[in-house]
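One chain, subunit A, links the two complexes that follow: it is found with subunit B in the first and with subunit C in the second.
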Partner chain A sequence: MTGTRRTNPAEITRDSLQPRVVWLEKDLEQLVTRFLRRKEDELARLRQALSGADFETIRKLGHDLKGAGEGFGFPELSILGAKFELAARAADAELIAVHITTMERYLKRLQVRFD
Partner chain B sequence: MTQAEPAVLVAEDNEDIRELVVHQLRRMGVNVLQAENGRTALDLALSRQPALVLMDMDMPVMTGFEAVAELRLRGYTKPIYALTGHGEGPEAERALSSGCDALLAKPIRSDVLRAHVQSVLARPGGVL
Partner chain C sequence: MRIAILEDDISQTELLSHWLQLAGHNAHAFEQGANLLRALERESFDALLLDWNVPDLSGVEVLKRVRQRLHSSVPVLFVTGRNREDDVVTALREGADDYMIKPVRRLELLARLEALSRRGRHGPEQAEVIELDVFKVDCQTRTVLRNSKQVDLTAKDFDLSVLFLRNVGRLLSRGHIRETVWGPNAVVTSRTLDTHVSRIRNKLGLTPEFGWRLAAVYRYGYRLEHLDAANAQRVVHSDPKAAA
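Take a look at the complex of A and B:
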């Protein structure tokens, strides 16, 4: 354990409970709905990979998330993807667990509206 | 504008990114071919001769690097843009040296994609 303070995944702040509303163009609705469904699936894959110390799978999932998130209107997911990729390269299981919690919380808070 | 011939080949194994790029291109009225690995991309580019190839470099079966090098070796002279998370550095240099004409950095911004694609397809022989 290093001396660096890390975010406690169990820590609940006022901001972490607020909905995150994102407005997107109507014609992206089907595309974005599929994208977010796949992110839920990927959360399960990330948890499974972490439990098996499969850092290469986590790195690849993070790399793909980094490349896709912002293009769909979710820059926070691109940032998280980069963090997964870095943590996987360092084989830092503790940090990956924090990022998984962050992603899970983000997806729960997310409210996408189309116009 | 004609939609009789394919205009752009999108070679990308990440389903999210492929779907998004294809959607953006179709909104521009561009015909699109799709491949999810380098081997399929190679076959489609040679048989259908798209005006532009957008190639992810990190794909299964055959990498983008291998596919681009093979395309150039087999006489495909049209533009190939690398889709890469690395806008500079060794991977970017490798993409260019393997035969790509330019790089499109991920996450791909729709305005940047539009500008590049319109520029290429507006050239003589393009379809726009």
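Take a look at the complex of A and C:
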């Protein structure tokens, strides 16, 4: 356990309840919809990997999230991916749990609109 | 351009393919290094986009084999999340032409690919007028002059002629030719392709008696060779008026 301050997953701030609206080009609609559906699925995989202390799977999922998130219009997911990768390398289960909650919350409040 | 992507993350593959297709390129995705290497034995590409961490062979292993075993000088752009200096140095020293760290930005990626194409070991040039030996090709008016006389070509024969004249000395696979001339979704039989090649060989005089050879390579494709390449003068104008 490092001395870094961590966010308590139970702490729900006013900001985190606000919808996060992202506007994207219409031609990305199908791609982005599939991408976000995969990220929802990956939440379950992350949880499962965490419960089995499978840090390599978490590192790989984080690595891919870091690589793709920003390209799809979600820089927050790229940042989160990098955090997963770092926490997995450090085998820091507590921090990974925090990141999973953050990702879940982010996806829940995300509203993507296309024009 | 016809571009092969080595990437094991499906989301990333879809995004890169989408960007390339929007920019008018044809993208072919491979999840595993071994599959890409097998494809490279029978197919030609204008550029390779390689991720580093993929199942089986890593991107760097693929690159080594492309350069050493296949003796290919196809432009290679690494697109990877590995951001350490020694990773970049390793890839460049093994023969990569450029290196981008994920997440990549669309316009930057496309600009880097264009730059690789311009540096031009491979890849069609965007020039409107190509002068090569006895040929003068005007891509705007879609005409080919041979010894200053216009050669009568169909639309497909013209596209095929331009493809070969822009890639003299380069072995082009049948798939590459089909895709460039007829489009990515066209169904074209080998016989149709051979007929068109034979026709332009005759019409343009791409035969040894005129110092050219349009040679078939068994189970792969065709290569246009200039037999007197040392004496050939090649002038490329981007402005058709400059060549007039």
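We take it that the second predicted complex is superposed on the first by the 111 of 115 C-alpha atoms of A that agree within 3 Å, B and C clash if a C-alpha of one lies under 4 Å from a C-alpha of the other, contacts with A are read in each partner's own complex, and residues count from 1 in each chain.
Note that a residue touches a chain if its C-beta (ideal position, glycine included) is under 8 Å from a C-beta of that chain, and two chains touch if they have at least 3 such contacts.
Model, not experiment: these values are computed from the prediction.
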First (subunit B), second (subunit C), both or neither touched by A:D54: neither
Contacts of A:E104 with subunit B and subunit C, given as first, second, both or neither: neither
Residues of subunit A contacting subunit B in one complex and subunit C in the other: 27-28, 31, 34-35, 38, 63-64, 66-72, 75, 78
Contact footprint of subunit A on subunit C as seen in their complex: 9-12, 14-15, 18, 22, 53, 81, 102-106
Of all residues in subunit A, those that touch subunit B in their complex: 27-28, 31, 34-35, 38, 63-64, 66-72, 75, 78
Subunit A residues touching subunit C - in the complex, by the definition given at the top: 27-28, 31, 34-35, 38, 63-64, 66-72, 75, 78
In the complex with subunit A, residue positions of subunit B that touch it: 14-17, 19-20, 23, 27, 58, 85, 106-110
